[in-house]
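The two complexes that follow have subunit A in common; it is paired with subunit B in the first and with subunit C in the second.
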Partner chain A sequence: MTAADLVAAPRRRNYSSQSIVTRVVIYGLLGFFAIIYLVPLIVMVMTSLKPLDEVTGGNMFALPKSLTFAPWTRAWGEAAIGVSDTAGISGYFMNSIKMVVPAVVISTLLGALNGYVLTKWRFPGHKLVFGMMLFACFIPFQSVIIPMAVILGLLGQIGNQLIDTFGFSFGFGNPTVNLVLCHVVYGLGFTTLFFRNYYEAFPTELVKAAMIDGASFFQIFRRVLLPNSTPIIIVTVIYQFTNIWNDFLFGSTFAAGDQSPMTVALNNLVNTSTGVVEYNVNMAAAIIAAAPTLFVYVVAGRYFVRGLMAGAVKG
Partner chain B sequence: MAVTTVSGAVTDRGRRITLRTRLQGLVPKLVLAPSFLLVLIFVYGFNLWTVFLSFTNSRAFTSTKLIGFANYEKLWTWTFESDPPSSWYTAIVNIGIFGGLYIVFCLALGLTLAILLDQKIRGEGILRPIYLYPLALSFIVTGTAWKLFLDPGIGLEKAVHDWGWTSFKFDWVVNPRMMIYCVAIAGIWQTSGFVMAMFLAGLRGVDGEILKAAQIDGASTYATYRRIVIPIMRPVFLSAIIVLAHMAIKSYDLVLSVTGKNPGGAAELPSTFMYSYTFTRNQMGVGSTSAVIMLMTIAAIMIPYLYSELREKRQ
Partner chain C sequence: MAFLEINGLRKRYGALEVLKGIDLTLDKGGFLVLIGPSGCGKSTLLGTIAGLESISAGKISIEGQQINDLHPSKRDIAMVFQSYALYPNMTVAENMAFGMEMRGVARPEREKAVAEVAKTLQLEHLLKRRPSQLSGGQRQRVAMGRALVRQPRVFLFDEPLSNLDAKLRVDMRVEIKRLHQRTGATIVYVTHDQIEAMTLATRIAVLKDGELQQVGTPQEVYNTPANLFVADFMGSPSMNLLEGKVSRSNGAASVVIERTGTAPIAFPVPTSANVEALGEGARVIFGIRPEAVSDVESVSAKSKSVTTFTSDVEIVEPAGSDTFVVTSIAGREVTARMRSDSDIRVGQSQVFALNLDKAVLFDPATTHRI
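Now for the complex of A and B:
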């Protein structure tokens, strides 16, 4: 975590004074790369604001001659997604929100509790438990997807039985519930890692003092640790939000048709083989799909980078 | 546990209190247990299940009929079946090309940008987020953008033709033999900023005194980096390579979105091979075998790394 703080607070350093030529080359290279990184986004935005004939007939780097917002409204409410009946991506956008919010809340809360236990209430073998949970972060989902499909199929059958008996499935077999389960289970490793590393540095004396005062396990968690956890909660929420929102593998495997999350709908829209390819509508949809995570990045970029670094370098 | 010693007072009610404190001592384990159980079942149990399936003749549905190493033998012979290439052969070649380019270019670009940014740059606060923002996008969005950008009909090739260079040809994204390189380009664009952030954190962590000493000794900037800074950052290289390697093996959605659902399996990777054999070609046994191979590869990379990281922390 300290590593990321260093990125945010550059320490100025004295190198032997560089010549003007060197400075020009440095700024030139940095500017050149900045353009390379920005161009795909700029082209996307410009394409989404052009009428289709201008996209197919014109230069993609040219500014829109006749500015139009029609592709955006089409992408949001009208465009045909694959073979499903729902028009536009708005419904899928909501699907993603319904999946992301509970998954982020549950996995973050569990991660916080796990981190608390693994640092302040240690027991023999806590290191092994943590190591096992940590490895869970890195498994390829291909190696769990078949058993997951079998289990979710079983849950679906239970759901059907419940509908027959009670007229209500209690969430069994619901694609959104299934995806929340997937993302909570496979996100636990990361959330636990974040909180464990954060609480590791939290003064144990404070916890001990609270114990002597007779505070219980949960009281200490709520009154002592949680009020001091705001930064790591932000990091974890952003990390989980980005990962779950951007997931494609689980979404495309376990949710079909109208129940798909945003990324799956976008992929279906872009790869529809029927009719004319509406590049401008595709790009508008892609920007809408990227908007929530980009917004989070713009607003809280510092925490965003911190989460990534913690997930990669650990500590 | 600390609680026991604190409140385990010897009174008449002593026995009841010790029972209560014993129960309280159990609370942390009870809190951690559900998460650990979920990980045990959904990660380790499911992985074992997939390993089991790789020894069965499962087709469209899971089967329990064991057939020994037949699936592994099949993949082994396919690994060398290059005329006509089996899709597993293509997947192996492609992961070599993609993974190699992805790791090398991300490292090179990331290090270059980090060193350039570390030269007391004005406007670092603007440049850094520009290099990093692609990370916030989902691979599906990235793929959609690059597919349009590289499309010879409306993208880069067309634009260069419009500018007057009419013999310019760049049709990789629709050329089955070159598609995988486009996937690599999009992947590098997405992840190199992250590697830059890792290196930048590493650079900012280098002790300024060492650099001052080098400067006094008359070392040039180049020599300082080449002989002092980069060797100090060896652990960052290791972390970056491991993170990139495991991301390359897991890459799945990027291939589908850049190539438009991987036509003809031209850009096959082990991840897409696993998916198509399991869910569309009804050869689940072979699919789970390829999943096991992916898992083993990642485990071989991650476990020694995680082990050393966790051990270092104790010291």
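Now for the complex of A and C:
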């Protein structure tokens, strides 16, 4: 053993023990905050599995003594939403699905189309157009409510006239259609931003090759751009799905009664002022309301970060 | 009438003119190489033929049909891109068939054409793969296959070999040459590599700053460059250029190159130059290729006019097949190509022979060849 080894050895040990301490601190903190973050969900799940007397009489953190799924079936099919309706949240859940799916599909497709034009078919003033679309990302929901109400009112009138003439409104004035329109218009700024940044880095030579191959504007879009856009499509779908599903303001403003989306129904269920507050049922309903976004994250989440990065590198 | 004709072609980006009146023709089955330093407009010129770039003035026609304003897909051309531009979501076979599919060719016909080209390019075992599963050389071949399969009137290649490593580049160069000889296709090819240009072309067009410098066969461009730029740009190592003066006595004109410390080198004006244009005392630039500078023993017996000079060897660069020997005359480097077995050492005094049959003169004022 040389002198250098003797000097080096303790230092090395010192260094590694320091790194163990660092690791313990880091993982300890991470674990601590993970638990804090998970506590509400754990309490919700446990509460939803307890009978009501156990909820009101017992400890919030106690495990359920007698496990029951009754609150879940009650929330889904029997709970009173508002005054007259006692069919649970299932109908509203379907309302939300009927609103979210077309709104996500349309806003994503239009965003992709915008991104395609703004990067591969540039026209004079394309920067200004993009700038104005970006502006849409910073407009708060509240400030578009009144203009939107005016437009929707107009559409409603058209719907009424169509009913008078053809006996059918063609969707004009339908609350679900109205909400789809709101969310598509509002989401367009975001979806355009995502796709524009992604297509900015997309090799233009592919578009040129397709042009020489004789593909039309839409054929290039459908056959070359879209099949190579999976990461950004997933990002956009997650983003739009979460935002639209969780929206309360548009839903409560532009849809009434049994046409309301899930979020509004959940509010009506929880804020009921008659009878006993059924915490377990409320918790079950809240979890059901959150389930679809959770599901989308779990299925597609790993693409989310990857896709955000892919779009963010160039732009 | 030539097969491909370009007349007075101009291209402006705002105030910036990148192509300043290009006139070019190419016969059917010809191989035209556009060459020049980066930013000379060669890729833009190719883009205008493809229809990917609009033109500001001029005319482009194929077989007498003006194609200026036709959409790229209607020009009956195919293009091989520098990045290959293969569709990542499609298999090799789908990539190759895409153009025909877009033109509404029936599936059996498409498959037949793809199979034929795949056989020619030895791509048969790759047809089911996607571009990401291919090596650089294979992608290159697929890109060529995609162009070949449609049997267009003109093929456009945009620096197709620049993304390959040195060895593969030589292999693919031979493959392109073979392809051209076998199919008799008409090709316009952009490169900045003058070896590619020399080996592949039937016609070379040298561009600089959006202007044609010279158009001709590889031999013309190499042996009788139109101006100093072409002389310097084509050939590796590049042409030796020395300043000299014309001296006339007894009706014979000779070139005199002054040297510091020793007697000047004087020799008759090379046969390539127009003697009548040279007055007494006119300044010229004397150009000679390294292979026309050698030791006395290696001078070709066929050469009619040879002169010699003695100079110190400064650098010896063995290149395997040859050895390049660098000396200097009046501060200007002169490279000579010697046999690889010649025993030459740095610092020694060496007799160099200039084969004047291959020499050219330039006017220093206009830079044009005299």
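The working rule: the second predicted complex is superposed on the first by the 280 of 315 C-alpha atoms of A that agree within 3 Å, B and C clash if a C-alpha of one lies under 4 Å from a C-alpha of the other, contacts with A are read in each partner's own complex, and residues count from 1 in each chain.
FYI, contacts are C-beta pairs under 8 Å (C-beta built on N, C-alpha and C of every residue); 3 or more make two chains touch, one makes a residue touch a chain.
What you are looking at is a predicted structure, and each value in this text was computed from that prediction instead of being measured.
In the superposition on chain A, A:45 makes contact with neither subunit B nor subunit C.
More residues of subunit A lie in touch with B than with the remaining chain of the pair subunit B and subunit C.
In the superposed model, A:227 makes contact with subunit C only, not with subunit B.
In the superposition on chain A, no contact is made by A:101 with either subunit B or subunit C. By the touch criterion defined above, A:37 reaches subunit B but does not reach subunit C. Of the two partner chains, neither subunit B nor subunit C is touched by A:154.
When the shared chain is aligned, no partner comes close enough to touch A:67: not subunit B, not subunit C. In the superposition on chain A, A:299 makes contact with neither subunit B nor subunit C.
In the overlay built on the shared chain, the residue A:208 is in contact with subunit B and with subunit C. Shared interface residues of subunit A (contacting subunit B in one complex, subunit C in the other): 208, 211-212, 214, 216.
The part of subunit A that touches subunit B in the complex is made up of residues 3-4, 6-7, 10-16, 18, 26-27, 29-30, 33-34, 36-41, 43-44, 47, 55-56, 59-61, 110, 113-114, 116-118, 121, 123, 127, 129-136, 138-148, 150, 184-186, 188-189, 192, 208, 211-212, 214, 216-218, 242, 245-249, 253, 263, 266-267, 270-271, 279, 282-283, 286-287, 289-290, 293-294, 296-298, 301, 304-305, 308-309, 312-315. Those residues of subunit A that touch subunit C in the complex are listed here as 203, 205-206, 208-216, 219, 223-224, 227-228. By the touch criterion stated above, subunit B contacts subunit A in their complex at residues 1-3, 6-7, 24, 27-29, 31-32, 34-36, 38-40, 42-47, 49-50, 53, 62, 109, 112-113, 116-121, 124, 127-142, 144-149, 153-156, 158-159, 162-163, 189, 193-194, 197-198, 200-202, 204-205, 208, 211-212, 215, 220-221, 224, 236, 239-240, 243, 246, 249-250, 252-253, 256-257, 260-261, 270-271, 274-275, 278-279, 284, 287-288, 290-292, 294-295, 298-299, 302-303, 306-307, 309-310, 313. Within the complex, the subunit C residues that touch subunit A are 50-52, 71-73, 77-79, 81-83, 85, 87-89, 98-99, 102-103, 146.
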